[in-house]
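You will see subunit A twice below: alongside subunit B first, and alongside subunit C after that.
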Partner chain A sequence: MAAITAPYSSSKFWSVRFVSLIATFLGLFAVQLFIIPQLNNYDIRILTLGLFMATLAVSLNIINGITGQFSMGHAAFYVVGAYAGGKLTADKFDQVGLPPQVWLLIAVVFGAIVAGIAGIVVGLPSLRLKGDYLAIVTMGFGEIVRIFINNQDGGKQAFFGLDLGGSYQLKVGEKITQFWHVGLLLVITIALSRNLLKTIHGLAFLSTREDELAASAVGVNTTRIKVAAFVLGASLAGAAGVLFAHFNNTVAPDDGSMAQSFLIVAMVVIGGMGSITGAAIAGFALSIVPEALRRFPPISAIDLMGIVLGTIIAVVLANVIKKQSFTSSKGWSSVMTVLGYVFCLVLAFAAFKNFQSSVSPVIKGVFILLALFTLISLLFTKGKASLPGFGYFLLLLGVVVAIKFPISAVLHKIPLIEDNLSKTTYTPSDLRWALFAISLIVIMIVRPQGILGHHEWSWSAFGKMFGMNTPNKEISAK
Partner chain B sequence: MSILSLREATIRFGGLIAVNKVSFDLEQGDLFGLIGPNGAGKTTCFNLITGVYTPTSGSITFKGKPIAGQPPHKIADLGICRTFQNIRLFGSLSVLENVVVGGFLRQQVGLGSALTYLPSIIKETEKYRQKALELLKVVSLDDVADVRSKDLPYGKQRRLEIARAMATEPDLLLLDEPAAGMNPQEKVELMEDVRHIRDEFKMTVLLIEHDMKFVMGLCEKIVVLDHGEEIAYGRPDHIRNDPKVIAAYLGEAV
Partner chain C sequence: MNWDLLPQQLVIGIQLGAVYALIALGYTMVYGVLRFINFAHGDVYMVGAYLAYYTSMQWFDRNSMNPYVLLFVMLIISMVGCAILGLSVERLAYRPLRTAPKIAVLITAIGVSLFIEYGGKFFFKTSPKPSISQDVNVFSKPINIGGITLDGSQLTVLGVTLVLMAGLWFFVTHTKTGRAMRAVSHDFGAASLMGINVNRVVAITFGIGSALAGAGGMMNATAIGTPLDPFYGLVPGVKAFVAAVLGGIGNIPGAVVGGLIMGVMETLIVWLGYGGYKDAVAFVLLIVILLIKPSGLFGSTVEKV
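Up next, the complex of A and B:
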């Protein structure tokens, strides 16, 4: 959690902010100009949708994570924004004749305002409701929005004869949104959340989450804070909705379905309630990974069982090894370091091989990132400490692979399994929701506070995960 | 003129009269004790003053203005702040952050401008951070400023609650059993601290406490409640010998 810390000196402020603004714009433009043209439409769509989900997760985090108001209707704000902006473009874009990008900005502002008003409407019941009860009310709000839009087909039953395409869809007619627009909105959403948490206002939001009575006793108007959180989160989601409408060209009522809202809540919970970066990472990953799974070839059921059993055995083994005394010896550490080097080299090699092949750029990107990390680990003394951890990971990976074959062979011998499952194969993409559910269960058992908990992402924390020490921090602590 | 005065303040919950026609006055700079057996209505009294409950009848005036029925944050804004009997800190925030929240009332920053995080906002935030650090020194918690408040030992949590309440710059500080769960040594230190707060920060202090030694040693005036009714009012030595008070605490002779 971003905390109240000693600030930069003011003289440094403008240079720091200026540089980070320029870097953000340059980075987004560079991606738009150089990387996006290299990708096919499908990949661009997947990546952009990933950014949309990340934006939604971060904006929901303001309501759910920071202010602690459990909202389950976030997709409704998204869809309200999408319809507001989309309808504006469908009706007025041709008549006004502004340049598309300027028009998009107007549409985004309009959609954000409309969604913000929806946020007030939902925020008001939150004054009296808490926890589960508020969740139910917000869920109800999501359904009302969906059903309302379903019936706005310009016919007799429509409200003021409003034509939003009814249950079919609204045709926007303009595909203005580009990848970098969504990237920019995500950056803005993250920046606003972060700024909020660095001020006393942010503390007021957090205190409302922690203890409403105590917060009001020290003078925090919890009513206003809660409504403000809803308005802020809703208008950011609405802005994302407008961009989505101009990205997808059509909006359907089901884009704001309850399932979508659940997914966004799951992202915030997995990322860690109140963690901005956690929400962003979880939002992006949870929408990318299921799609990346489509690229994998079908796998036979028995092989899958072998892998699952192998993983379980490896995890058990890891726990057994951890308790042995030899793990703290120097020999073990150096063996693991060598293995770590091997792992890094394998990764680098795989990245090199994959860069030329036609696999998904998403997988390529992951490999490139890992290769970069490898390079950093090999080059700097600080990183060397993480190598035994890498080696240990490789050892367990090797155990899984090695164990998989005998397990599969044994499974083939069992008549019941052989007869019923030997011909069954699964496509990984069909398993993506099962995988999603299982990972949700595992995370909730292993780390109920979410992957990042109340913390924010930082490289030093990432290093610590692999046993890296961070000398800088220790000095500042003294 | 008295800073706080209750006039026949009464609250009923259904058939139960939790506080019945309680009247007392606090002068500026008083160290005032509110005592009574369990269930006497002391905390309910605090809840009436701080706006958690609205009195069924009677009036409460603070600096000459009626405050009964105002929401708690308004009352905090007027200059009354309290601590809680069952500690209510913002558990996952750090000790320092718990105190900085108190500055929310007094800062001159709107939500819109806070989101920009411009240098003026940073300056304002820094001002209240420094103030909070000073308050932590007053209650000698400055060495644990970065610790999560949930992880503090009990006695320190109580002192942190006092610091958080002081951060709202109140004129009247309500302490609900500040010494509960403290050992004798800590209680002596707390007495010193409370006196110091009253003298240094010019705050009026109204406190609830069960520890008679603590109350008699610290407070200059005391009100005794029993079953929601005021049974005695006066100086400690007067209270100590009041037969009604002795009866309330020890039971009447048969």
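Up next, the complex of A and C:
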């Protein structure tokens, strides 16, 4: 483990931070004024929901990544905030008569406080529990919240006759949240967790993650740190929830379902536990990329079977090839490096082709950025040395495509399959959760630390790909 | 509160608890051997229920068959199908991660769970399947014992559960493989040094646990009759996990007792008139247990918390 860098305390550092925060604020406002009006409602909704998920992932990263706890009920804080802020608006907005954006700020603060209190309630058991058990308790808390809200319909089973709309939904009645509000919250969340790591307090969080016993031995109050992490993460999620309530106009208990919590955890883990940029980008990407699948034509069941069988054969083949002696020879690796460059070119071409096609340039642009990001982060740890791996991947992909056609042809010949399945088709968009599950499993097997690990993303990895040896200026947490 | 209904509610609770106990056994065995929570276990249970549905409604002609034979065939198909599913999940997803950090395994388990659920959406379609409890019935008339009505399904659930548990108990305590299983559960590393084929033992554990979950799914589909949908296993799965923790995780009789307590508590909550909160009881119970007696009712070790 590399030495932990000294916290920044110089006044220059903080003034730079402050100026960049103001610049981001103005930039977001400009996006809201000039770019958002050009987009259709669908694109705005997709992009805004992406920002919501990114905020949730970054705020969960404070608990799971930076402090090393394992919370699996993060969506609960989100709905607690959403219901608190939404209920406040539904009941009081008309009576008070403040301008909407000022009111939104009040609602956000209120929701964040309520969610923060919920964070204390969940944080307290974390003092005694670790690992799997903490995970299951936080998950249980999430379910308790959902079931509690489900029953608050002002009826017989509700507490104090509380009416939150029950299992149906809560109508907020005011659509105040705009794109840039969510962007601002995301920037604040990122800035908070990043700046936290630059202070002495951040080191306390990190030391709690690395070794609780050692941390407490050098005088870190680990109890306080763990509860603080829960409160911080929860109130940021709660603030996001309030914005969501005023964006969507309604809140339903299922917005805080177990599946939602799992998704947020998956985003943090895929991005790399403890990596702020990783969480933000994985959160954004995982909520946007599935939309890309909507544009693909349906695929027939037999083709799908061909692809699955082809993949299995290719994986088996890869295992056999890996054991052969020629794979360690120099010629093989240079061929693979060339194929690796080809792979990057193919990816760039695919992104470009995608960009040219008709639908919504902004979404396409986002996809190109995400493809670029994935490429760079895969290169991140090894730089140029990871090119042979890409080449190998391209080779196997070619094998899959080559095998698929004969297999599908054979399957068409089998009467039992032909009769039952030849007319069945699947749209890729319906398959997206199954694809997501498979990629989750594969990422965990191939790269258990997540795509970025503990690192932060930086441009220098891009230079490494072309053999440039730029010094890494990023101050990594570890 | 209607006191006359209490005995009947208890019977229903025990029936529900028996199903939870069967699922909890799988959790407890896998946790005992590998020390990880197999989130996909509830989904294996869902697959078992669907297999029972298809066996009785499509693959076999239920009207011309002896109902006992049909039930037996359903049980066998569900158990074997789920065992195959469990074994392949273990081989493909969990074995490559044997040495990986715990969190990676947990996330993989969530991935497997999502995959079975959304894969199930394709094979089984999204629209819920109706309950088959009316179609597959052993007894035409319920039996009345001292004011408690027992119908055929309840007796079947209890009988099958008892037989399966007795079989499991015999297997774990009286066979060589069972002894190997206990050894692996006691100390994974030492067991492999003693010449036990650890991978084989883990696979057998997964197979047996999944088969029991399949039996539970078959009985829930047949006797209790909740409509089936691909997400049907999620909540019972988590409740069964709570039951396993309640009884002391890694402890086989503990899982059975925990499951029964869980089932009875759930029906009592409904009886008290707070049916809306019945799913929350499990989690409240879990939090209380973990904070007060983390080793569970029968657990002896406190290593995990």
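Note that in this section the second predicted complex is superposed on the first by the 321 of 478 C-alpha atoms of A that agree within 3 Å, B and C clash if a C-alpha of one lies under 4 Å from a C-alpha of the other, contacts with A are read in each partner's own complex, and residues count from 1 in each chain.
We take it that a contact is a pair of C-beta atoms (placed from the backbone, for glycine too) under 8 Å apart; a residue touches a chain by one contact, two chains touch by 3 or more.
All figures in this text were calculated on a predicted structure; none of them were measured in a lab.
Peer 1: Please work out whether A:Ala285 is in contact with subunit B alone, subunit C alone, both, or neither, and reply first, second, both or neither.
Peer 2: Neither partner.
Peer 1: So, A:Ile190: does it touch subunit B (first), subunit C (second), both, or neither?
Peer 2: After superposing on A, A:Ile190 lies clear of both subunit B and subunit C.
Peer 1: May I ask you to decide whether A:Met267 touches subunit B, subunit C, both, or neither, giving the answer as first, second, both or neither?
Peer 2: In the superposition, A:Met267 touches no partner, neither subunit B nor subunit C.
Peer 1: I'd like to know which partner A:Leu243 touches here: subunit B for first, subunit C for second, both or neither.
Peer 2: The answer is neither, since A:Leu243 touches no partner chain.
Peer 1: Applying the document's definition of touch, where does A:Ala217 land relative to subunit B and subunit C: first, second, both, or neither?
Peer 2: first
Peer 1: Thinking of the overlay built on chain A, is A:Ala84 touched by subunit B (first), by subunit C (second), by both, or by neither?
Peer 2: neither
Peer 1: Looking at the overlay, what does A:Phe70 touch: subunit B (first), subunit C (second), both, or neither?
Peer 2: A:Phe70 contacts subunit C only, not subunit B.
Peer 1: First (subunit B), second (subunit C), both or neither: which does A:Phe148 touch?
Peer 2: After superposition on chain A, A:Phe148 lies in contact with subunit C alone.
Peer 1: Quick one: in the complex, what on subunit C touches subunit A?
Peer 2: Per the stated touch rule, the residues are 36-37, 93, 96-97, 100-108, 110-115, 117-119, 121-122, 234, 238, 241-242, 245, 273-277, 279-280, 282-284, 286-287, 290-291, 294, 304-305.
Peer 1: Okay, in this complex, where on subunit A does subunit C touch?
Peer 2: Against subunit C, subunit A makes touches at 70, 125, 128-133, 135-137, 139-141, 143-144, 147-148, 150-151, 156-157, 258-259, 262, 265-266, 269, 273, 426, 430-431, 433-434, 436-438, 440-441, 444-445, 448-449.
Peer 1: Would you tell me which residues of subunit B are touching subunit A in their complex?
Peer 2: 50, 52, 71-73, 76-77, 81-82, 84, 88-94, 96-97, 100-105, 107, 109, 111, 114-117, 119, 121-126, 128-129, 164-165, 167-168
Peer 1: Looking at the complex, which residues from subunit A come into contact with subunit B?
Peer 2: Touch list, subunit A to subunit B: 1, 3-4, 6-8, 10, 13-14, 192, 195-196, 198-204, 206-207, 210-211, 213-222, 228, 454.
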